[in-house]
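Each of the next two complexes has chain A plus one other chain: chain B in the first, chain C in the second.
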Partner chain A sequence: MTERSPAAPLPDLQDQGYAMPEQERFNPFRWALREPMGALGVVLIVLVVFGSFGAPILKTTNPRSLAAYSGDNLAGPSSEHFFGTDRDGKDVWSSVLYGGRISLKIGIATVIVGTIGGTMLALIAGFLGGVVDFVFSRIADILIAFPAILFALTLRTALGEDLPDLPGLPRAEFVVVLAISLIFLPAAFRIMRGTVLEQRAAQYVESATVVGASQLRIMLRHILPNITGLMIVLTSISLPAAILTESTLAFLLGAGDTPSWGAELSGDSRTFFVRAPWIAIFPGAALAVTVFAFNIFGDSLRDTLDPRLRGRI
Partner chain B sequence: MWNYIIRRLIAIPLMLLVLSLVLFLLIWTLPGDAAFTAALSIADTVNLEKLQERFGLDRPWYVQYGDWLGGIFVGDFGDSLTPPHDSVMGSVKERLPKTLEVGLLTIILSAVISVPVGVISAVRRNKPEDYLLRAGTILGISVPNFWTGTLIIIYAFVWFNWNPIQDWVEFTEDPLKNLAIVIFPAAILAYSGAAYTARIMRSAMLEVLYSDHVRTARAKGLRERVVIFRHVFRSALIPVLTVVGLQLGTILGGAIVAEQIFAIPGMGLFALERIVARDYTAVLMITMIFAAMFMFVTLLVDILYTYVDPRIRY
Partner chain C sequence: MRERENYWLRLRGRKVSRRGFLAGSGVAAAGSAAILAGCGDDDDDDDSAAPAATQAAATQAAAQEAEATEAAAAEAEAEATQAAAAAAEEPAGGPRRGGTYRAWKTQEDQGLDPAIYHSGNGEVTQQVYNHLLDFQVSKGIFSLDAAVGYEQVDSTTLVWNLREGMQFHNGEPVTSEDVAYTIARPPVLYAELGSTHQPASNFRYLDLIEAIDDTHVQENWEEPRADALIPRSRQYFAIVNKKLVEAQDGKAQEHVTGMGAGPYILSERNAEGTHLTRNPNYYSHPNPDDGFVEDGPYIDEIDVRIIPDPVTAKALLQSGDLDAYGSLDSLEVEEFDDIEEVSIEGAPAGGWSVLGFDGGKFRDPRAREAIRKAFNYAAFIASVRAGDGRFQAPLTVTNTRFQTLTQEDLATWYVYDPKDARALWEAAAADADTRGSADEKYDKIYESVEIHTITNPTMQTISDFAALSLSEALGTEFFVTSADGTTWVNAATDRTDDVKSWDLLQSGTGIGGGTDGTPGTNYLSWFDPLQYALNAFNFHYETPHPEVLEGATIVGDMMAAQNVEFDHEARVQIITDLQRWILDNTWSIFIMPMAATAFLGVSSRLRDYGKDDWFNSYSWNNVHRRESAWLDDA
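And now, the complex of A and B:
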């Protein structure tokens, strides 16, 4: 074994008058000035999260408790009931705040399973190629051809009673997460697979192979970091869509006794809307504001992380 | 080109075959009692055995699947599992045209709105009209359409004392009354659809607007309008086409919501009713119809690509 010749010392650039560029640190205030819409999105998201998880301290009564039936039916908005009351005398303001929890929870759980799961499968399929890739891609083709809402509705009604209760995720919510993430998974898989194929052909993969890195290491240590940006963007863009889908399902099927923005607008309560429009207006508005906030935030995030993606996702 | 189309046309029935097999197995293996029997027992506990015999549910699944598959070739998609056990095909024939009418109107409205919005927004980038249109489109993708639909119904009644939910009237009977019924569901669906397309249109236009061939077009002295429509617009159409194709595929999803709100007796409402009743013969057929439509639209979009961009060859 030959002794490696000592590397020639690098000339110190700073000594020669070259200024080393300072590591640019992320400055949230500068970002807010550059992306005012994104900043607005962040503010709204913070408000929504605070509203739904801080609900107990925000002059609410838990809509699932007996105390929620105030006896004051279909009362208009007042200082006592900010958003009025529904036909059971329940405070709409409380329902809206508590309903936010379920939307956020299911939305986040869905994108985690859908986009992150889709990315992992894409990583495996795109990197290994061959039979694995072919099989995964065809399954994605079939899943995409299913009419999405129909698929989710069928799964929800068919599986409703047969799933286990997971910790923190009762089966009624678990089935919704499962149904919606199966809509998002193949779409995420397709987008991410394209990127993985692009990355696999890159030179850094070749050099990693040459120095003897294992396939697993190349996938996780080399390719994954290079597609994380796209994955984050995809996640932030899928989240509002997932929240919308959740509420659409709740609107179509009702949601039992769980307060949910979509369910408030469905079923028998529709007959009271003309007499008491606030029952319909506020839950829908809360949903619209939440989705709007995540949309403008996702847009800015995409423009900040990778402007080339504009128009693609 | 023809070669390619024929190959794709052969692939579609094959994919549908696989899809139907997957669906059939999925329904069959649903946990708990065999799904078909469960649906029947909900429908009619007294005559359960007689019904099981009639639908042949005591046979193994592959015999049932073969039976179902054989029926398709003679246009028989089976009978409804829930009373009155009428032919699914009959209901579909009656309901599909209504949904297609709403869907067609949605696509037309959506195209009429989204193209000018996307073009103006891109050409007048960062001007007040761009900000206004962008705010409108981002609202369009954020506002749930079951909410807009509900608000339309409430305020049509409160302000104009008029109820947009009317009994269905065929277009051939009374075109105006028919349009008055379909315009609302089409409008709420078109708003979200157009918002999405317009955003894609804008970013696609912007990407092309600063490319070399557009600079050349300007440099050789073409009028701005010619540059925009002959050079930019055409190149920007590709991503737009993709999105519109995907939206055509999601017509049923929108139809379920819109038909539920405006009580239109189309496929969407049919699908929802049948799913809740666990009438899997109907669910199977509805899924197959819309999956087939989706596949044909995808093929159509792929063919259209070659007209929009002659560089694309198959």
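And now, the complex of A and C:
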């Protein structure tokens, strides 16, 4: 047994063998070898994000400019138009890349609002319990009872005229975000509420209560960090579903004057599918690849952060 | 322990993991996405899809020329043309009786009263009811149906001589009282309901309609009318059974057998469509005029299915399960090259695609002219019209009896000049700035402009192009909003304020359409301060803006003058002057280029269907009124 004075500095734990072994530190290459599908997902996501947000430097013409109307209608894929052109002579390659922006933007915004919002509400309901929990839970039950797509369609139609433009999020996109978020929010609430209830009974919460920590502090400083892993996993798994839902709405209602993968699968791509299948195939493939990438990445992330969750979400 | 969680070990363990399932799902999703494109919602590529306000541009016409000698000469000439056309069109063996004609429509009817509605009920108003006469625009001739003659006694009196022996589907005779009631009821309905799908110009001049004996009906007008016969040939004046209609408070909304006396009986009407069967007691047409057959129509039954998705309808046409599809995009035509079951016909297009101004806001003529000069016509024709486009005039260019403006003439107005456009727009905006906040609602267009259209791919494409072209040229944001047809019509016709909820109203696809021959309602009605310029565009007499009132007075006077002018040459001159004034002032609407050629897809078994008039208005639901049509495999 080693003697040391109380004022002596703490020894370096690593020197004493208490620190995490070197091989257990996060190593992206090792992770990629262990989770190749997850790594593939990351690569695809990077490509999709780069393609979408780097579109202006990737031999594209902004579909929202007059120059996009090339006059070369329904031309097949070529070195000039990698993915061919659509009914109006617009370059499909450009539409796919620019369309990714709206899909990703709305998908991410939706997940942020839906998952984080659902987590916060779950934190409040699960921790406070009682009437608050009862009311929040019943509201979630009611929202979940609506058929998701019909609910989103109704919200989008009903709210379309009443919402303001937000910085970086025009009204047309804001309403879609809100409509889809209201689908995801109750589901996230339910999952996270269960975890909060579990954490509330943990000893560290009791300890914090005993030492006089406020409820707000316990929720934000003690419970929240312990459910963050699950929240991240939930976010990664919700994102592809949100992108698909946005595309579904765009397919059914049209996306207005903003290019979107879902909208590109509707309208002219259906009318001219026999003659010019590339109008539908490339946006469809982009959508499928993106959803696939987020799915496998989310799955790997879940395994990495908390293997016990496999099969639960 | 943790190492066993990695991908490879799990794969070696051959567990059916969620990830494996996801990988497979990803591949399946790629395929599904492509398949998705083959199903779902959509479009109407046809001008007939345009809602009531557009469709209701019920053509009023060209020359009445009701004088007997001229009509007889025209008919004789037309008969010769018809005979030649029929000989070329029909195979040896001639017309056959029987068969079922299969058509489609996108939605259910709004109601069946021919004097009130014209949306989704064409097969009933055209085939279940009969009419005094029929007018074929392409030939410029009238064919007699319920009437055996008519006489323009003087400039305000018209007398109809009715065919004897007609009876409604319930066996009751068609009387002159029924016919007089039919002609007299539109203004009554209009006054009662506030508006109907029928343009008021069709009946505004009517005074007293009376049955003067068993076979004669006399129309007395408040003022002369050069176009009275053509509206009488349209569905609005389908002959109704007075007794049965009066039993429904004067409205024929719920059809009762016996309300009509047409060649077909309505045997089925539900959410899937309508079915019509031959009227066994249909009256004969001795010595029938073109389009009619002495012993009634050749085709036994008409079946109209409700198919909301045009892509599905097109597939049915391609597979030989549909007899008429309607207007096709020029780029779709190639798909039918090797399909024997389908016949594609082309004709000069007469459709419309416009941006209607809200006259409450677009009061400054410089702002309207700026719109006209900021639109890139060449790019629009090259892309949206796929290289096959031409200019449209205030009176459709296919109304050749009254149209004197050539494409060269029109090209002098439709010039893309973004620099001049920007200067005009900025000058108008500068003046707006000086007016201050009191006029804010009238001047908001200089901050941003909303283009409102129908949720329809073709119309949205047109609107998107316009928004881009105008935004880039004028430096002001133009953005597009869309709504379903009914909402769009409500927004278009809402007059609760002296400005509209939209700034520019996009209407029409400009790929089909045509004319019913009358200039008064088709399409000059867009500019008439008593018609659509009043109901939709705020270019009317009650405007708060003096400059708009001045223009409305000019247009209204010229419209009235051409309506009462029986002399054809004089009338043509008035109409030409009116068009020039409209174009000079970019009045009421801005007209975008239309498709140069309209294409029609029908089954190749359909014969003598009067293709030239299918391209014109009132081929509702692809059930064109022509009893001499027949099916060669009947």
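Convention: the second predicted complex is superposed on the first by the 287 of 313 C-alpha atoms of A that agree within 3 Å, B and C clash if a C-alpha of one lies under 4 Å from a C-alpha of the other, contacts with A are read in each partner's own complex, and residues count from 1 in each chain.
The criterion applied here is as follows: a contact is a pair of C-beta atoms (placed from the backbone, for glycine too) under 8 Å apart; a residue touches a chain by one contact, two chains touch by 3 or more.
The shown structure was predicted, so the numbers you read here are calculated from the model rather than taken from an experiment.
In the superposition on chain A, A:S70 makes contact with chain C only, while chain B stays out of contact range. Once the two complexes are laid over each other on the shared chain, residue contacts for A:A158 go to chain B alone; chain C is not touched. By the touch criterion defined above, A:D303 lies against chain C but remains apart from chain B after alignment on the C-alpha atoms of chain A. Applying the stated contact rule after C-alpha superposition, one finds that A:L150 touches chain B and leaves chain C untouched.
In the superposition on chain A, A:E173 makes contact with neither chain B nor chain C. In the superposed model, A:D88 makes contact with chain C only, not with chain B.
When both complexes are overlaid on chain A, the residue A:S269 reaches chain C alone and has no touch with chain B. When both complexes are overlaid on chain A, the residue A:I281 reaches chain B and chain C alike. More residues of chain A lie in contact with C than with the other chain of the pair chain B and chain C.
Once chain A of one complex is fitted onto chain A of the other, the partner contacts of A:E35 are limited to chain C, with no touch recorded for chain B. Overlap of the chain B and chain C interfaces on chain A: residues 251-253, 265, 270, 273-274, 277, 280-281, 284-285, 287-288, 291-292, 295-296, 299, 310-311.
Interface of chain A with chain C (complex): residues 33-38, 64-66, 69-71, 73-74, 87-90, 251-254, 256-257, 265-275, 277, 279-281, 283-285, 287-289, 291-292, 295-296, 299-300, 303, 307, 310-311.
Against chain B, the residues of chain A that register as touching in their complex are 141-142, 145-151, 153-154, 157-159, 161-162, 240, 244, 247-248, 251-253, 262, 265, 270, 273-274, 277, 280-281, 284-285, 287-288, 291-292, 295-296, 299, 310-312.
Residues 15, 18-19, 22, 27, 30-32, 35, 138-139, 141-144, 146-147, 150-151, 153-155, 157-158, 200, 203-204, 206-207, 239, 249-250, 252-253, 256-257, 260, 271-272, 275-276, 278, 283, 286-287, 290-291, 294-295 of chain B are the ones touching chain A in the complex. Across the complex, chain A is touched by residues 2-3, 5-8, 18-19, 22-23, 25-26, 29-30, 32-34, 36-43, 45, 310-311, 314, 329, 331-332, 334-335, 376, 379-380, 382-384, 386-387, 455, 457, 460-461, 463-465, 467-469, 472, 479-482 of chain C.
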